[in-house]
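Chains: A, B, C, D, E and F, in written order; residue numbering restarts at 1 for each.
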């Protein structure tokens, strides 16, 4: 394996997007998702973590017709097609909201805060939305 | 006096702060991200029950629907924007931003 | 009933702008008068005509412009807040006016209600 | 007394400004104060209430030189000259922050939440900053 | 060390813009390279040349412009976020560029650090 | 990994949230309104003491000064923007907005 290959290999960065805001009340979750979709094309090692109110973006049965704002929860289902497969949810945040995985629009991996802290530690870049 | 709350109680201290200034009978209306407070069975359900002992509690239905909240705490009244206007007709307004 | 609205956040980033609009619409439908929408803090960002959202999304500036023209609602941006954020007459929607905080005081005095929307 | 006088009398509105944000981190407190200063010229019945982090705007010894933002805590001292004399502080918020009246740049009246709730109920207009 | 900055809030309304600037200044002074400041969400409001704050206050847009010209720091505004909020080439500071999120990805990849400032 | 917190702990849940994800040894830097967390003798002093058992705690001095905070909790290190840069030299960054 030549140096070039090694060079290319180290160019793959671990980038984590942390979704922290509820949808609709502010745009952070929506524009965060737009960023993730673009970054997905760059073949980096992407992960998306949902913490606190960020989990609400994944809630099933959102109907935004009445507030006149475009809904986007279904776009999370498309992430799989963009090879963004690492979706993690913070267990504490989920339970505190009286929600379970069945309430969410996509399959996710539910992890403890300690496990997520360990994942964070491995990242080259972390962006909160 | 109508009190409106537009912040998630998980992220912000607005609900707890507003709660200290309510007078008996004052209606409370949850809007925008504030509606997460009245989702049935979350950490704030007991606080909502306490408020309801002295204050009628409303939540803006379009905001509940937008967030996929179908089950709200018992006693909470869903209103649409027209109902919001009706509450404003009857009360001065205190918007807890 | 005569109602004034104070809007304290910019478009899209916060729902405040949308809720204020939906409220105004419903109040007008019920026969009330929306006297004015006064924009403060980042709220002044609501009235730039350079706004160009995706085609399938609402155009918030155009919506305020229409409300002004159809229902005579004054759409007012605070001059001090506007100057800080780069809003001036060059980019202002037709139905908008840049004015001082004295105007907001008049609105607070002459209306039955002043409602605030923000973050 | 003629009808005109009564009409003028009822034109005096009770307007309350509620300061809720810490200074400097966001502009709400600063632009709120700008609003109060203008409204003070209109001879309405103004009051200013400091609740939660809003109290921090009154903290003594603020030196904003290092962050490059204009300080404004001293402007609160000028309110008296504009006939804005009703400054109220929420006792609970003050204690929770380990502060006392001695920590504040201006003399204020410290009230309980219940007392402030009563004052709010009397207002024609309440604006949160 | 090469550092990228992501700035997610507008000028004056939040301290994020000031902290990002102060950090960039200190990093440059210590010999680091600030590769770029990428503006997202309301952050795009940082680069309108129409900004006209009080004379005794800092001019945030002018400050970014100067940082760009003096130290070669790219000041980049996300195009989608800019369009929503009425920022386009007509109002852009000289030292600023409107670009896509792909550029941010490049910045994240090619720098040793990507720091986020926001609210 | 350097964790930065820029929100007042009274107004926002950021401090409590970030606290759950800290690994031992990770430094925590309070900036902007976040510095209110380390003002000596407020409601969060015991939480700061707990964090300090496993994590070094810093606060941005210009932000403390701007807010008139002269007394900080014991063990909290004041740094200026240069010190902020030095922390970034040594650690990847996790900015809890």
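Note that a residue touches a chain if its C-beta (ideal position, glycine included) is under 8 Å from a C-beta of that chain, and two chains touch if they have at least 3 such contacts.
Worth saying up front: this structure is predicted, and the values here are computed from it rather than measured.
Any chain bridging chain B and chain C, meaning touching each of them, is among A, D; the list is complete.
Any chain that touches chain D and also touches chain F is listed here: B, E. Interface comparison, A-E versus A-C: the higher number of contacting C-beta pairs is recorded for A-E. Comparing mean CA positions across the assembly, the chain most remote from chain A is D.
With centres defined by CA atoms alone, the chain at the far end from chain C is F. For the pair chain A and chain F, the distance between mean C-alpha positions equals 26 Å. Computed from the mean C-alpha positions, the centre of chain D lies at a distance of 34 Å from the centre of chain E. Inter-chain centre distance (chain A to chain B, centres taken as mean C-alpha positions): 29 Å. Residues of chain D in contact with at least two other chains: 24-27, 52, 67, 69, 124-126, 128.
Among the residues of chain B, those touching two or more other chains are numbered 6, 10-11, 13, 32-33, 62, 80, 92-93, 95, 97. Contact with two or more other chains is made by residues 8, 12-13, 15, 19, 22, 41, 57, 80, 114, 116, 118-119 of chain C. Of all possible chain pairings, those that touch are A-B, A-C, A-E, A-F, B-C, B-D, B-F, C-D, C-E, D-E, D-F, E-F. Residue ranges on chain A touching chain B, taken from their complex, read 21-26, 52-53, 56, 59-67, 69, 71, 73, 96-98.
Of all residues in chain A, only 24-27, 67-70 touch chain C in the complex they form. Listed in rising order, the residues of chain F touching chain B in the complex are 10-13. Within the complex, the chain E residues that touch chain A are 6, 8, 40-41, 80-81, 100-102, 104-106, 108-109, 114, 116, 118. Interface residues of chain E, counted against chain C in their complex, comprise 10-13, 41-42, 45, 48-54, 57, 61, 80, 83-88, 90-91.
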